[in-house]
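Listed next: structures, encoded as structure tokens.
One chain, chain A, appears in both complexes that follow, with chain B as partner in the first and chain C in the second.
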Partner chain A sequence: MLLAYLPFMVYPYDFFRTGVAALWVVIFLWTTVAFFWFTRRFFPGRSLKHAFFLWLVVWAQAVWTLTKLPPYWILSVFFLMPVSFLENTAKPGHVRIFSKKVLKYFFERALAGIGFAGFVVLLEFIREIGEKRLGIHAFEQPAGLLLVISAVAFLWKNQPYSGRTQSQSIEAELGAGPSKPPLMKRKQRPGKG
Partner chain B sequence: MYFLVISLAFLMAVRGAKPAPLQNPAEGLRRVWREAIDFFLTASLTLGLWTLATAFEKIQPGARENAILGLGITAYLLSQYQKKTDVFFLTVFAGVFMISSRQGDFFHGILLAGTVSGGIAVFQTCFLGLRYKLLFSDVPGSMKGWPILCLLAGAIALVLRGLGNLVF
Partner chain C sequence: MNIKRLVVATAKYLFLVLFLCLLAAILYAAQLLRR
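After this line comes the complex of A and B, so read on.
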């Protein structure tokens, strides 16, 4: 997602237009995912990759003709697509959403799209505040946004309670320490057996 | 244009051609500059073919209307011929579009292509060098990965912008 945002740094748009561009990327991503999922049988082997890039270029031309939006957004779409897409190795698993089975592939793409749109809006909001309200010149160049992305990546990587169970987290907070394993308990009673 | 150079350079540094092991910086440098030369040649050839297409009066209107389609297909075919990565094709495409939108003549486009590829190479060289130095530094585990990579990219972008303002 970080890489998918980088082409957006090139667009010299205000907050609203950047949001619209991000929304377009998300809609196009979902359309592309659906199109190639249901037509994948027609693209055996490496033809899927060629068809995908031709699809991107054709739509880049169409969008440019209609809206004059520079085609950097196709890089964002490319980086939002899963790695397995071009190898056509997506396995159809399912997840339950509101008691309904949904293909895991679509669920993950939906989350990716929503997350990307939120990420773009957040960064553009920070850029607007930093550049126009606070007058921080670093936001007039890529360095400012890259430093913000670094902070976001740091916070995302170091989420509290990530990778630990709730009980372990509570014990760590209270300073009670982990419960002793049975071996330790047996060693505390040397007189018995 | 500076935004585009930094964005493309960071993309190439992270997802470009197969990188050399960090323990072998000389090989890494060689691959970075080789990739930059390939970028320059591919972009220049694409621009040259587009200039040729717009030179003929009969096809000029169609070529101008479908510039992105033509540039994209040409860049893709050239990238596939060289067995380059998908990221290489996309960066060439983005770079060529940006250069062609400047509406200069062919030689001006070649100069811009050289500037973009040079900027990408300088960025990747600095990036590789800093990553190599980090091997000998005690980077906290919480900073490893994307946080430190984005921090390096931001610092390099700052320095290069300052140097660019001094020189130009």
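After this line comes the complex of A and C, so read on.
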């Protein structure tokens, strides 16, 4: 989502037009996901990825021609795409069209789109306040928002009173308690001879 | 069996051609609407 936001940092738009651009990106994301979900089995096996990129490039060009939205708006859509979108492991042919799985999948995509639009509007709001009300010059450039994002990320990683220190979180993520370090476990295994 | 496979493959390539036509139509329509 952060990568998808990067093009928005350099748009010379005001609050309203940024919101419209974010809305357009989200609607196009939903259209693309729906289109390729239902038509991917009709493409010859190898050409699906090429068709997907051609689709993105053509729409980037068409929208650029029509609305003067900068051509790199398509990067936001590309980075918002689900990772497993075009992999061979996902086989929609085995899923019924109106089954719960499909509903869940599209619900997740819808949530991702709404979340992205909200994220863009929130950061634009922060930029407006920082630039116009507080008069901070850094917010006229991407630097101000990068600073805000890094500060939020730093605070998120170091939450006080969360009941866990950072080392405990790392141990929990590795799946090994302090009494069973993975290296010691490996050493205890019998060797070949 | 072979005929079915052949028909499916042909239909897929036809679909690809249709898809490319759709993309060309999108670009053409954008150019027309711009004027």
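Quick note on the criterion: the second predicted complex is superposed on the first by the 132 of 193 C-alpha atoms of A that agree within 3 Å, B and C clash if a C-alpha of one lies under 4 Å from a C-alpha of the other, contacts with A are read in each partner's own complex, and residues count from 1 in each chain.
The working rule: contacts are C-beta pairs under 8 Å (C-beta built on N, C-alpha and C of every residue); 3 or more make two chains touch, one makes a residue touch a chain.
Note that the structure is predicted; figures quoted are calculated from it, not measured.
Peer 1: Classify the contacts of A:A110 with the two partner chains as first (chain B alone), second (chain C alone), both, or neither.
Peer 2: The answer is neither, since A:A110 touches no partner chain.
Peer 1: Return first, second, both or neither, reflecting whether A:I74 touches chain B, chain C, both chains, or no partner chain.
Peer 2: A:I74 sits against chain B, while chain C stays out of touch.
Peer 1: Could you figure out whether chain B or chain C reaches more residues of chain A?
Peer 2: B
Peer 1: What is the contact status of A:F43 with respect to chain B (first) and chain C (second): first, second, both, or neither?
Peer 2: second
Peer 1: Where does A:L3 make contact in the superposed view: on chain B (first), on chain C (second), on both, or on neither?
Peer 2: first
Peer 1: For A:L23, is the partner it touches chain B (first), chain C (second), both, or none of the two (neither)?
Peer 2: In the superposition, A:L23 contacts neither chain B nor chain C.
Peer 1: Contact-wise, after the overlay, does A:I126 reach chain B, chain C, both or neither (first, second, both, neither)?
Peer 2: Neither: A:I126 stays clear of chain B and chain C.
Peer 1: Kindly classify A:L147 by the partners it touches after superposition: chain B alone (first), chain C alone (second), both, or neither?
Peer 2: So A:L147 only meets chain B here.
Peer 1: Looking at the overlay, what does A:Q61 touch: chain B (first), chain C (second), both, or neither?
Peer 2: Both partners, chain B and chain C.
Peer 1: Shared contact residues on chain A for chain B and chain C?
Peer 2: 54, 58, 61, 65
Peer 1: Enumerate the contact residues on chain A facing chain B in the complex.
Peer 2: So the residues of chain A touching chain B come out as 2-3, 6-7, 9-10, 49, 53-54, 56-58, 60-61, 64-65, 70-72, 74-75, 78-79, 86, 138, 141-147, 149-151, 153-154, 157-158.
Peer 1: Across the complex, what residues on chain C touch chain A?
Peer 2: Contacts found on chain C: 9, 11-13, 15-16, 19-20, 23, 26-27, 29-31, 33-34.
Peer 1: Quick one: which bits of chain A touch chain C in the complex? Just the residue numbers, please.
Peer 2: 39, 42-44, 47, 51, 54-55, 58-59, 61-63, 65-66
Peer 1: Could you please specify the touching residues of chain B with respect to chain A in the complex?
Peer 2: Those in contact with chain A are residues 2-4, 6-7, 10-11, 14-15, 65-66, 68-69, 72-73, 76, 86, 89-90, 93-94, 97-98, 101, 142-143, 145-151, 153-155, 157-158, 161.
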